[in-house]
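Both complexes below contain subunit A, partnered by subunit B and then by subunit C.
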Partner chain A sequence: MSMKWKRLGENVWFLSPSIVLTAALGVYPLIWMLRYMFYDYAGYGEPLFIGLDNFQRLMRDGQFWESVGQTFVYAGGKLVLTLPVSLLLAVFLNGKLRGAGLLRGIYFVPTIISTAVISVVFYTIFNAYNGMVNTVLMKLHLIGQPIDWLGPKYAMLTVILVAVWGAVGNYMLLFLAGLQGIPQDLYESASIDGASASRRLWSITLPMLAPVAQLVIMLAIIASLKGYESIMLITEGGPIGKTEVMYLYLYKLLFPVSTGSPVEQQLGYGSAVGFATAVIVGAITGLYFLLSRKMNKMY
Partner chain B sequence: MNKLTKVAGRTIMWAFLLLTAVLTLFPILMTLTGSLKTGAEMMTGGTLWPSKLQFANYAEAWKQANFARYTWNSAFVSVMVTIGTLLVAAMAAYVVDRRTFPGKSLYVMVQASMMFISVGAIVLRPQFEMMVALHLNTTLWGVILILISAHSSTFFMLLGFFKAIPRELDEAAMVDGSGFARTFFRIILPLLAPGLGVAGLFAFRHAWNEYILPLVFTMTNPQLQTLTVGLANLRYGASAAMQIHLMMAGACLSILPMLIVYMVANKSFIQVTAGSVKG
Partner chain C sequence: MQKKWVGLSLALVLALVIAGCSGNSGTNGTSNTGTGNGGDTNNAATNTGNNNATPDTPAGEPVQLKYWTDDRHDQEYIKELVDEFNATNEDNIQVELTVMSENYTQSVDIAFSSNQAPDVLRLKSGNTPDFFKKGYLAPIDAYMTDALNEKFGNLLLDGVNRFGGKVYSLPNTGLTLRLVYNKDLFAKAGIESPPASLQEMVDDAKAITEMGKSKGIYGFALNYKSPKSAFDRSVREILSLSGHQGLGFDLKTGQFDFAPYGQIIEYFKQMYEDGSFLPGAESLDIDPLRAQFAAGKIGMYLSFSTEPGVYTDQFPTDINWGGALAPSLDGEIKGTSEIVSAGTWLGISAQSANPEAAFKFMQYMYGDEILTTYHEKGFGIAIVPSIVEQAGDPDIAGMEGFLVGEHDSLWPVSPTVTPEGPGYADAYFKYMIEGGDVGAIAEDLNTRYNAALASAIEKGEVSVTPMPDFDPANPQGE
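Right, the complex of A and B next:
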């Protein structure tokens, strides 16, 4: 009996730091949100219970739904560019290639740099008037006039390109790990049978990579829906809200984007928005999970 | 014909690989050259290389723009977060891997959902209130504790490493009269060193690069700001246009330590990303 209690005591002391921290700073904030989404609460004074009013407001909040649409454009654009490029890089680097180690190192560098820091850099080099992107493009005679990268027409493309820049190396590495799990003798016997390189790619590499790719794509979807830090630093959601994704919209309900700029804190409504964003991300992830399982069965 | 397509294929492949490498390095190169130009040069733009290398920019950023303070704060936060995360996650992972106890699957489920639920910035408010209640909002410990509390990915990473250490080792130690905690700290933890090294790299990188959390917590307390926050404030500052050269120097100061860590630990970085599949 005492042995059992001793073991239990040991378990408790080893787990308690993790449990206390997770409960206080991970779970409690979620419960806090689930409560205040039914309140009118500005962050000071007495919170007022208003039932579902915040959700009615959410339904009618055009700015929020626009930001949801922008989130899909941003995430979709990021995925459409990141996934094929990183997969191609992984396939090329997986072959016996001179300098593969060096190239892999170069492609991986963006993933160790702070999103915030490099976003400040991108903000300056995409500047239409004195930014280095226009300078280089004009020196190479690729464009005749400076492009207004942060203007209404190109701002979304710019923030997508920045996101792709930061993500490619990471997904390349994950794909590379998947590729290295494919048995080499499959390729050898295919070569003996006279299969061409593209044939081997379609008939061996891609099908064998499917399980890993499924997981990697899911991670990529979640990450691309969640990102807003670099947008905040490059365009602040502008111009005229063109790049305001839903998590940035939420942030602006709670905190000033730059120190000093005024913000009317809306913690009650912000809680409702936070809940809605989690539901949207959860629904998309769940949908993808179901679809990819169906696809699995088809093969 | 066959040979021709092969040559064409290789050319396209190399063009793609090299173009991607150039585009990857471009902003980093621009940061480096920008940090060595004068403020006026940056403002007018149009030049590729600095007319004269302005190493004084670094001294200016370090002293006048307060980057010495920011660097110290970043280093302090990152080191504490790394140690704390590893300790908390390793202890939990050890018990979860070696023992059965009531609520184990609930614990694992909560940790897993912590990685997937994302409600954005709203959690910062209750977290802040918590730190005010503990009187930690005027120190960096609030930021540190919150970063440590997000240890679920480290937990799962270490769980994998624990599985590779045979249970017979624990049992042998116990038979020799070593207690549970002693066995863990003296025998198992040293064996976990490679796993702790790579998980630590990730924790350090995450803390060093974190922006929104320290931003919100230090808005009214410039003395506590980290490199990311201090740098971003330059961008929002009234004289931002005249300080681009300082921004670039500051960015270099922030990137360099991670780059050095990366070059030293290149192999393990790549191994773990490959092994753990982290978003």
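Right, the complex of A and C next:
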């Protein structure tokens, strides 16, 4: 057997686990979705081919487009708060601080706690009738009446805060990994030259971190656009759709969550919505890469 | 040797990919065969085919059955029954009980699509037609004895527990719907009796809130985290007592008409604007609501006859509470209070490898003693005539207000359709919070629901026969 065939055999053998997993969990569902988005299919009976009807329905589906708008608010709010806070924490904990290891662990804990547990805890903290937030604010005489943190006015803010709390530790760790890759001798040279701490941050840390930051921000954008689990558990998208993000809307089409009488699964239309959401997330991610390409060449 | 490894690797890849694909295809195939347009007979045939699967239990090993339910109010009693069955049955059958807390239908869907379905399922009138259409259920006609036919025969209804001429479940209990109210808070607010009309309900909620707001006590609440769940346990009952079908369907014309629904919502909106709702009701789930009611913070809400069981086992409470007939639109009772979730209890999975053992367990559960005790413990209101005759009143606090009376009855089944856009509950909840044109909302709902109904009829998924002489005061026409 020639060396070439031997090498090919080894390659196939080593790649086989990922080929199998990608085919079964990635390619097959994708083909399934691409097929059924042209069908009227509720999960039983004969799927009915309806051409582009699902996409025509999508264009006139006000609920979907509202959910797209809510997604931008949710993702924007989460990113605006999460990224600066996690970067600042990373810079802070990258110094020679006593107990930095313990603090890193504490900040990272929310990342590994079950979303279900986080959601129940935050519901208990924020609910209007006996939640801890209102109790404390009222005892401090900062408010006279309970605030409905999960009501139409503040529900989005609340679910964003929950998401930020769950995400900061994760991105802090990624930024920290990037910071630790910056050579220390750069800082030492800058110090000898008399550069202040803020100057070192602006002129060394941030430019050197840019390639890592580009990737971290991309991951954060995708995660924010796709996030819905804690929202589903805390508000189920309500009240009156004020926290219904597009992936939650999609989830409800595929797995109706109402506890009342059943609402039928809509696998065909759900597939079309799934395709549209993937296009939206893909387009935003692509646009981000286009706009941020200079970050990869900052040093 | 290397060639052999390459061959083995490729074979493994192909086998796994094919297995991954065929699992779903198989499931789809079953459903497709079973539920083509009006394919009830095919479905039954498919199910029966699955039933013939050879049990894979080795001789001497117990037959293992899985029993899934989403009932939590009776879980302690059901667990006792399962333990007793496991200890005493002579057929070497062991049943494993799983009580789901949320997303039961979704869990069942996933279990069936991954061939890990339970053998015995809790069926409700809401999920049975859907489970049947998906091919999840096995018919039980072959196991029905003369005694069982005599006991349940008159109660078997098309579209409830019988589909395509085959029986898939047997009845046990139904649920009545009532106003649940805190008697002490009513008394403190100077209210002598529960409201008979919606205007009285609005006034009472306001009076209770004014009396107790400083202590965190409010007049009214519903579990609006799921508006559909909230309205289907409240508006539904008020409508049926007022002479209208409770889910927006007009039985006389065979079309949806949401105009009466909007009239009820106006009063709910008034309570919301008055500030009579428990703060945070917009995102309240049913269990947190019950916890607050048990703590004496809510004057009244509307719910099923499961509540006495809940306040005995799940949220024991010392408050003085009771159940009363729901108010009607104008105080006049022009219809009857609909008994819901009646007609089904347990069913057998089409994927069960041991359907006979599953039916033996089912037969045990449907025994006279168990059904009688189930009623007497207050877990549900018995509707099987032979059980009604012998059962005493439930020995559970608060159940007296939920017992079937002169104003309760079963109603004909209304069609379930999925329209484009928001459902009636979401549309009316939005109106309740933000306002709008209630007439236009009803018109929009009528258009979309009737379009969905026409489409479902065309596809053979539902059939509707208008009942021009329907009498809401006598829905069974007897």
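Methods note: the second predicted complex is superposed on the first by the 260 of 299 C-alpha atoms of A that agree within 3 Å, B and C clash if a C-alpha of one lies under 4 Å from a C-alpha of the other, contacts with A are read in each partner's own complex, and residues count from 1 in each chain.
To be clear about the criterion, contacts are C-beta pairs under 8 Å (C-beta built on N, C-alpha and C of every residue); 3 or more make two chains touch, one makes a residue touch a chain.
Note that the structure is predicted; figures quoted are calculated from it, not measured.
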Subunit B versus subunit C as contact partner of A:61, first or second or both or neither: second
Partner chain(s) touched by A:19 [first = subunit B, second = subunit C, both, neither]: both
Which superposed partner A:296 touches (first subunit B, second subunit C, both, neither): neither
Touch count on subunit A, higher of subunit B and subunit C: B
First (subunit B), second (subunit C), both or neither touched by A:43: both
Touched partner set for A:239, first subunit B, second subunit C, both or neither: second
Which of subunit B and subunit C A:197 touches, first, second, both or neither: first
Subunit B versus subunit C as contact partner of A:189, first or second or both or neither: neither
On subunit A, the residue positions that both subunit B and subunit C contact, one per complex: 8, 13, 19, 24, 28, 32, 43, 123, 127, 129-131, 255-259
Touching residues (chain side subunit A, partner subunit B) in the complex: 7-8, 10-11, 13-15, 17-19, 21-22, 24-30, 32-33, 43, 85, 88-89, 92, 103-118, 120-125, 127, 129-132, 134-136, 139, 165, 168-170, 173-174, 176-177, 180, 197, 215-216, 219-220, 222-223, 225-226, 228-229, 233, 246-247, 250-251, 254-259, 267, 270-271, 273-275, 277-278, 281-282, 285
List of subunit B residues in touch with subunit A within their complex: 9, 13, 16-17, 20-21, 23-28, 30-31, 34, 42-48, 87-89, 91-92, 94-96, 99, 101, 107, 110-111, 114, 116-127, 130, 145-146, 148-152, 155, 180-181, 184, 205, 208-212, 216, 219, 227-229, 231-236, 244, 247-248, 251, 254-255, 258-259, 261-262, 266, 269-270, 273-275, 277-279
In the complex with subunit A, residue positions of subunit C that touch it: 2-3, 5-6, 9-10, 12-13, 16-17, 20-21, 24, 31-32, 34-37, 39, 102-103, 105-106, 109, 126-127, 130, 133-135, 216, 224-229, 231-233, 247, 278-280, 282-283, 286, 288, 292, 297, 416, 418, 420-423, 425-426, 429-430, 433-434, 459, 461
Touch list for subunit A against partner subunit C, complex: 1, 5-6, 8-9, 12-13, 16, 19-20, 23-24, 28, 32, 42-46, 48, 57, 61-63, 123, 127-131, 146, 148-152, 155, 234-236, 238-241, 255-266
